[in-house]
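Remarks on the structure that follows.
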Amino acid sequence: MINNGDTIGIGGFVTTNKPWAFLRALMRVRKKDLTVVASPSGLEIDLMVAMGLIKTLMTPYVGAEAIAPVGPIYSKQAGKSFTIEETDLMTLATMLRARIQALPFLPAWGPVGTSLMELNSKLRWVEDPFGGPPLVAVPPVKIDVAIIHACHADKYGNVQHLGPCFLDPMLAQAAEKVIVQVEKIVSNEEIRRNPLATTIPCQQVTAVVQAPYGAHPSASQNYYRLDDVHYREYLKVAKAFVEGDQTLLKDYIARYIDQPKDLAGYLEAVGMEKILNLGLEECSDAGNT
Amino acid sequence: MINNGDTIGIGGFVTTNKPWAFLRALMRVRKKDLTVVASPSGLEIDLMVAMGLIKTLMTPYVGAEAIAPVGPIYSKQAGKSFTIEETDLMTLATMLRARIQALPFLPAWGPVGTSLMELNSKLRWVEDPFGGPPLVAVPPVKIDVAIIHACHADKYGNVQHLGPCFLDPMLAQAAEKVIVQVEKIVSNEEIRRNPLATTIPCQQVTAVVQAPYGAHPSASQNYYRLDDVHYREYLKVAKAFVEGDQTLLKDYIARYIDQPKDLAGYLEAVGMEKILNLGLEECSDAGNT
Amino acid sequence: MQVTPKEQVAVFISRQIKNGQYVSLGTNLPIPSAGVLLAHLTHAPDLSLNILSYFTNLSSIDYFEDLTQIANPSVAKWADSVMALETLINSISRMDLCFVGGVQIDNYGNSNLIGVGQDPRQLKFRGPGPVGTSTIMSTVKKYFIFTNALTPKVFVEKCDFISAVGWGNGGDDARRQLGLPGGGPEYVITPQAILDFEEGTKRMRLKYVIPPATIEEVKGCVGFELVIPDSLEAFPELTAEEIEVLRNRVDRKGLLREGH
Amino acid sequence: MQVTPKEQVAVFISRQIKNGQYVSLGTNLPIPSAGVLLAHLTHAPDLSLNILSYFTNLSSIDYFEDLTQIANPSVAKWADSVMALETLINSISRMDLCFVGGVQIDNYGNSNLIGVGQDPRQLKFRGPGPVGTSTIMSTVKKYFIFTNALTPKVFVEKCDFISAVGWGNGGDDARRQLGLPGGGPEYVITPQAILDFEEGTKRMRLKYVIPPATIEEVKGCVGFELVIPDSLEAFPELTAEEIEVLRNRVDRKGLLREGH
């Protein structure tokens, strides 16, 4: 469904609901020259950069917060092996909204006075016809395929996040094709029991796949925490790569991307005990009430 | 809370969730020179025009669908006793969004090629900095007080519609003050049981009032149907007014607006048996499954 | 009984709809609703139906009691999703088809829900307002104009006001020149005739006369010169399945058969 | 034990917050979080707290086990509402206060999360990106810059790149000339010193030194000439209630007391 040179949209938020199962499949077949439009991102971008798959990147953030303030390989290669079209979250949302509304541009305050004008080739100035100072005109972005991870969907593709839904609905509306991986495919009756919770209606969804634990190592809302041990393992790999040692990265890719023949194989490579433990409630959790 | 000359925002949609209890209170004290910004509207606008309260009107529709394609007094007085700033639904939403985003304008396709440019003094043309044809620039609209009817809220003002929420969340975000009437004030625990269903968070709400049957004669989502008999009764009054007979309207205002000292008094004037019957499920309802 | 013109029109609409499309079903338009539902219950089970703020699939419904009561809040019980109104109107460019009416409709398919008269402060008749049509008709992939009133009062040379653009001042590129992203009006549908727009000029053209109406009657009912093609095809026959589904599942009360 | 600089800073933040305000509590910023929660548990019970996509009121919570774990998805259990991200970022102009950091912060409170270097294709260090700050800092009613790193590497004369505008090139009307709707940065907060912006020029100015740091040390830690007022007030004393609530309810693990 995805071709070399396509623009892909990646849903989720930093280290939550990242569609890792799809991303690993994409990495496995080495789809290249991708333009990636992503909500604030985790280390999946770092790995895709390491593998040389990304040509152009539009995302407001690449890191893993307390685990890593910034992706090491992404940081090293930025502007060298790939181009960044600099954007903040709202400017990105504005690009998506311009596409959704079929408008040639929408005005924005975000880039005004910042370096975004210089670091994003798509932006222009627009006069305020009411006489105020000029604003920045943000053009639409066209997404060939959006890939999204969510809790539930029915077989028709009605998707429910059952929690925050990030930019996922906007990515879906802005995309030509939308593929969604879910923890569980549920009946249409279950979806219809709470239609208010449907975040992406089936008419926007091209394909839906049941992929339990498919967001690993990121967190999956209502299902499991992020696997910080795995993220730290990857960080070691990435830091070694940045310092010139490529063997760890090769091993990581072999072990987690290339050798597992499917999601089940990947989960076994990680170890099911680790995986299952991520689904346990943390008992030392905050406070009371 | 509302002064003569204010801009008020009215929520709901045509004949559903119209905040009639507040509107009757407003009519009772004859607040005047109002600028009314409203989602598609029912006959409440017709009555406000009849009472001479509206100076400027921005709404995409005034009517009651199958009951009345257009409000009779509104139709008669348009451009005479009050001014219409012509708008369609999306252009109205765009005005609200410009206000919410603190932008001096947002571009829109809707008015292009239509008479809206000629019939709405607020609109301007804006060049497309990417070289396409010009678009229409829609400025923000500032709302002094938004009035909204919903199902439930807690005492802090967390509001849940439990169904479509129309433009109500946008009206709330665009307004300086927001007053919400609800069928039932529920506990904060009940709101927190389903926080995804909260449509207007408490930080946007100035006041919340329990007003059971407060949307009558319009429908209240999940609570009761519209009172088409009452709407037809009003239509007779309005048609007589248009034909020069003001007595029926005077009687209507006395009976339903001025004499009832509160919501309970109004409901008694309508008749509680009628009111309660509106809450019954219609048994001849469509189909199966 | 014989098929009625309203039934024929509903079938015409049904045949324009492809499976999998995203179609909006308006309130207070029973004939277009019948057409959409007929498609849905026959060849388009995967239609994505937008009704009010709800998205539904009604293809497994045995029958509808009352065609006029589909687009009311009780449709909620069939909803797969409820979209925020803002989201819904933002993404109209994904919508395949919807319908518009008008107090006036002109030669180029522009429509007017604003009012009749020259001076906006002294209108002869003030209409209900544009509702959502200005933006929807500028952006939706294509749309049909529907009215029961094929009369010279409605079908005017030039609308006094335009609330939704059709083909503007005419010509294939009328909409492109304005920049409008949507595909524009494809058909004008009435129980007496179905009209389309001539290539090149985009003037309104007769496509089908629906008996008992005649070409001459239709010409007399529009306040401008209708393009009449050299040869006019007869309205295609309805299939037995279409008639059966329409009468027994979509329109049980016989709304489209009234007066016949 | 004595109050620590980090505790003093948290109390400073707490005192800037008024009851009823709408404040965003970011991830990975424990000192600002402590300040906001302290206000919430003392004088600001009606705070509207935005954490991730959730809106919550935490004033009835007895205590927080782990200050670093507030802004994580488990906060969902206290949520009054969950806002669509788009809605949240659309309406930033209603937000009273939030926080920003930076890999560089300049003389006029502009901040940089983009990177260090001159040529964007040959950066010495590429930062994580602007996250939401470009728009949030242009629009929020006011904001505080927070960093643990009061060093000349971070506090530079001029940012290599700007991801969020402070006072631009300086002057009271710097932001008005750009048209920015938000109020701009009010304080720059570090555990060694609290800084504000001089009226007129909007250059960064020392407001409080927090012992054991000294004025000279602070001056040496910024890569530009800091405005030093003629007389500098001492940092106001913490109340017993503030210390008690901070230590027993907000920061039980003693994150703000570490190393003292």
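First chain written, first letter: the chains are A, B, C and D, and each begins at residue 1.
Here, a residue touches a chain if its C-beta (ideal position, glycine included) is under 8 Å from a C-beta of that chain, and two chains touch if they have at least 3 such contacts.
In this text the structure is predicted, and so the values were computed from the model without any measurement.
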Touching both chain A and chain D (chains): B
Approximate Å spacing (C-alpha centroids) for the pair chain A, chain B: 39
Gap in Å, rounded to a whole number, between the CA centres of chain D and chain C: 56
Where chain D touches two or more other chains, by residue: 54, 76, 78, 82, 84, 90, 92, 139, 179, 181
Of all residues in chain B, the ones touching two or more other chains: 97, 101-102, 104, 108-109, 128, 132, 135, 163, 169, 196
Touching chain combinations (by label order): A-B, A-C, A-D, B-C, B-D
Touch list for chain D against partner chain B, complex: 22, 48, 54-55, 57, 76, 78-83, 87, 90-94, 139, 179, 181-182
Interface residues, chain C side, partner chain B - complex: 27-28, 52-54, 60-66, 68-70, 73-74, 76, 78, 82, 84-86, 89, 92, 112, 114-115, 119-123, 125-136, 138-139, 161-165, 168, 175, 177-181
Footprint of chain A on chain B - complex, ascending: 101-109, 124-130, 132, 135, 137, 139, 162-163, 196-197
Interfacial residue positions of chain A with respect to chain D in the complex: 13, 16, 40, 59-63, 65-66, 69-71, 74-76, 78-80, 84, 86-91, 93, 97, 108-116, 118-119, 128, 132-135, 163-167, 169-170, 219, 221, 282, 284-289
Partner chain D, residues of chain B touching it in the complex: 97, 100-102, 104, 154, 156, 158, 169, 173, 188, 191-192, 195-196, 198, 201-204
